[in-house]
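Have a look at these structures, which come just after this line.
There are two complexes below, and they share subunit A, which is joined by subunit B in the first and by subunit C in the second.
And then the complex of A and B:
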């Protein structure tokens, strides 16, 4: 049975006194939180401890005594030993430093006065049943207090039994911060040594921000409630408007940002670690977003860039779909049917003509529209990107229309061909059994079926070519939009604050601990130094990613190719909306 | 393994052909009665030459049908035959055939005159409507490919033709023939030509076998004459196009109709099927009475 004593580093040079801390029952460990110095009145100590115990969840008791030899205090040892009778305990620890030795000795006294010898060295051959091995683990109190073990177990730990020793230690230290309020400058009845006993750390700026943030949050919350009331009025919730606003990524992004702001601006203080991290991440990413947006505005509105952009945009919009001509393509051996070619070509060219006239109608206003729309970048770079994505979608709407026409025509043709091929062989699709069965057709059916089959077969290359061209164009547009969405998503969900914390203050995000041997001397127990192991960078992303919509491919490559081949309409990106908890 | 042989054979109880009883003989033992139940050539019919030749006439007839079709096409293509004349000829032939079909009796098989008229109307409307489309169908395909495709399709038609019973037309054979005829028809100069060609394709490949089946059933004596008529027409038509081809066709017909049956009958003598109780059981009675 090994008794582990977690001893704060700041107390190794403290004067003699009482050890105050907490026993962790199942794992046979003790966490020392502070040292109460002489002079003290035991009654006051007990009262103070009960006060702290009621404030926190921690079962504070007096663990034992600590003696640091100094001139003029030789009688301390015996005095401290006698104290074991005053304070209730099941085990009493007597830690003492000696001059000349780095390590300190430890003696454990059971209730009833049974004296248990400690074992000086590890691994000694003789085993005595009542002997207890003692390991003293040094820890940096401030770091452990601020640190959070991952994976985070939220909520009140309803069963302390299931916590591992490490978690219990971290939890205990973190919960005991009321204990660390008294520093050496206080005029109270007790003198404590802990990590803050040199003086409480505080900064004026932090205090001012904290004070100032409350009214700001209240204002923000009021504004957001107004905004969401506006968003929920009946007129805007009509299904067509709803449908359009679910397709426009600007509206989606607006919705997400509103949600985020609501999280950040709630006046309730974040009690749990994950909530705090989420708020902080959202806040920092929002700031970054705005900063980038303002940078973009500063760049865009100089040197009449808007005007230049507008003048390049209009010719780009009326991109002429390359019209496959017979001469050009017959060279490559494709069997295009001239009549069908002309029909389809005329149809599409007419559409393009309509589109171009629409663009030309709009062209005098484009610069003004761009100017005002560019201002929206002050809400953040994500907005600017969403607006860009929507503009691209609107300008290439005709490509989308053409793709739908081409795909539907091709799909019909393929479907018809496959059905008529079955007729050619004298078979038919059995819908009930989902298989191909033989069938005896009528003369009429056979004749007309064969005729249609021949026609469809010979017209296939023409339709397939149109389909191919339009699909490629559409895929290019979709890819571009996908890239933009990826960038927006990255900006939205990247946990900047957590990443910064990991880089600058790695001890706050802990994955585990590692131990280093400090001193292994004869006659003293093993001394280990506990160092915090921060979590990996990839784990930061995994735990702290803000859930937003993430774009990922809906189909695997094989399914996508099959859909393209058959002519089904593809919507390659699926927007996953995750509910924030 | 051999029959009863030699002094080594244990002479206990006589051997019985059962496996469920323990016998002093080995399991693969057989006795003298082995192969007594062997029968030879039980179900073999004795073929007579002229009836086989008559049935083979159907094959020859179908080949000449295809030849007639190709001859018609080439004359239409060359301009020797105006399409209008062909159309009227087709109409006349259809009416004649329909009359003959009805005259041979045997009921209309559940189809009324009105249904027949409807089918004809649908077919005519469809073909006429689609003939401009059909004409430009193979414009971009090279001539050699078109000829190769048509030849392949007509060959498939001949191979898959249901010679045993031509009347409900076999799907694959009819479809192949129509596909080939559409390919050929799309090479003709005008839409009307294509229409005429398709009309004749339907007559020759779809309706003529029905009539032939009727003839075979009702007037078995007239059947060989009809077949001979078609063959002659084929040879004659092809001679205008390609004399060498018509000679070839004639030779093929003779071979099919006269030489092959002779070969079959001669080879029938060498037939040697053995049957016995070891054959798979064949269920000869109609078991549908059990399905109720």
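And then the complex of A and C:
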């Protein structure tokens, strides 16, 4: 069985001392976490280790001894051998490095005092039951401590048997951060070498922010609870109001952002990695949103752009919807029925007239409304985009109405036609059996049916053309709203913090490790350098994308085309709520 | 093991180097043919002649600048994302197997598979159109069922060495795997 020793890079130049770390028995490996230097009192070392063991989950023990003799310290070897009797062990490692050489030698002593290496050399004839080989893997302690292996396995409930060796190593180093608190400037009884022993780094700003964030979070939580109480009062929960607020994307976005803020402002510290990343992502995306919103306000309120916008908006809103006139038709070669055309034309013109008068009523107030609504962009660019989408929906409401009228008319016509066509052929739709059956009709039924069929057939081009025009207009509006929703969704769900971490500190998000073979010298075991292999950029999006109420197409393209042909009303986007998934 | 007569499945010459770091650790590097100057020149001249012809037709200098940018961007994308310089397999007994492919621009793409996940290393046969090719692959264990194979990971996919080379690599791997 090969023994793997994970040795921190910072300790390769440390003075002689004791190796402190943890055994991972299932994979036959040892992780060295720190080196305790002379002079020390064994009792104090044992007490310190017990203290750290109680603070963390890690089974810290003394693994062995480390010797890097400087000039005048040649008598260390025998001293080191005596140490193995003081600390309890099943295996005792003796790593030693000579000045001038890059590799270290390793000897493993089992309980019982037998030197396995010596045994292997002496006894050619004796039985070698365990030819113990050693691999020394160097790792960068700070990076391994801060890094997180993906896919993330949360919870300590998984047994150590299922954990792979690498996960066990990462877990051990990450958990033992209380061990790294003592640095060389502490006046305690022990002197340790580890990644932080040159001096603990801290930033005043970070500490101040941490201290200041607690009351800010409390204030935010209180304000949010007030807001959600306001949102839940009986008056606002009446069904019509709820229906409207579920259709308006502004209200949906508001609710969504409130939920986000509640996550971020909770005073409980995030214990697990995914929770922390989620909070950080939401916070950074919120900041970006606000910054973009403020930029938009700065651009919009300059040079009286609001006024210009208002003055262009009114004529656009009362654009006459291009309903098919006689001129258009003669060009396309289809003959429209004059009477039906006049009826439908008058109906739609009257509707447009109502709409125009409404717009003219509103026009003096448009600029003021726009001004105040534009201010709401300070809540974030996503909010401004949702307001834009809602405004477009409200201003093109007449197009929606026309589309519904045209579609209903066309749908009725198509159903009538298909039913009468079956009558024309002598068949009937059997509702019970859900199929077409033959049926014998009376002469009167056949006569009237055929007459109606002919009438409907020849009126079809007129209705179809109206339907086509209105559907196209409606689709243009839907497309525009869809694009806005896509942009809002992107802003909401993009994990900016995770992406920034992947670009600037790639070792924190690890997919695995890479090994590199270090020096090969005679008589030394194999030395490998373990580096962290960061996850791919596409994997960042996959793991850390914030779930949203994304709209996705409800039907496939074929189903959509079929619905358009038959005249069924289409609602292309379906809102997915995060809770029901 | 740097044999000159080794070729890949298309007949191009490849270079194979095997290093023995210790009796627990071996590294095999298979290097494909380098980017030849001739193909770069042919590509560049072809694109620029076409662009010049288009310029003669349209009298628009934007066509020429587009062609230059296209050539440069195309070359950069090719050497960074597509042209594999060499692939290497580092096998460390009782730790795992590391596969790495390095591209002509110097980018390295590495992946490490732990020994506990590896069931075996085998040479598999594949029928592709009118030819039968051999490839070396790693059988990966299913975490739920240690006797079942959950996936097959083919090695040396860009260099595609032939059977003679694969047998040598296979023997090297089996020596190490047998020990752990």
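In the analysis below, the second predicted complex is superposed on the first by the 564 of 581 C-alpha atoms of A that agree within 3 Å, B and C clash if a C-alpha of one lies under 4 Å from a C-alpha of the other, contacts with A are read in each partner's own complex, and residues count from 1 in each chain.
Here, a contact is a pair of C-beta atoms (placed from the backbone, for glycine too) under 8 Å apart; a residue touches a chain by one contact, two chains touch by 3 or more.
No experiment lies behind these values; they were computed from the predicted model shown.
Legend: residue contacts after superposition of the two complexes on their common chain; A:533 is shown touching subunit C, with no touch to subunit B. Within the superposed three-chain model, A:4 lies in touch with subunit C and out of touch with subunit B [touch as defined at top]. Of the two partner chains placed around the shared chain by superposition, subunit B is the only one that A:443 touches, whereas subunit C remains out of contact.
After overlaying the two complexes on the shared chain, residue contacts for A:453 are found with subunit B alone; subunit C is out of touch.
Of the two partner chains, subunit C is the only one touched by A:166; subunit B is not. In the superposition on chain A, A:513 contacts subunit C only, with no contact to subunit B. In the superposition on chain A, contact of A:188 is made with neither subunit B nor subunit C. Shared-chain residue A:88: touches no atom of subunit B or subunit C.
Contact residues on subunit C toward subunit A in their complex (touch as defined above): 21-25, 27, 90, 92-95, 98, 100, 110-112, 114, 116-117, 143, 180.
The residues of subunit B lying in touch with subunit A in their complex are 119, 122-123, 126-127, 130, 133-134, 136-141, 168-172, 174-175, 178-179, 182-183, 202, 206.
Of all residues in subunit A, only 326, 330, 334-339, 423-426, 440-441, 443-444, 446-451, 453-455, 458-459 touch subunit B in the complex they form. For subunit A in complex with subunit C, the touching residues are 1-2, 4, 27-28, 133, 135, 137, 162, 164-166, 512-515, 517, 520, 525-526, 528, 533.
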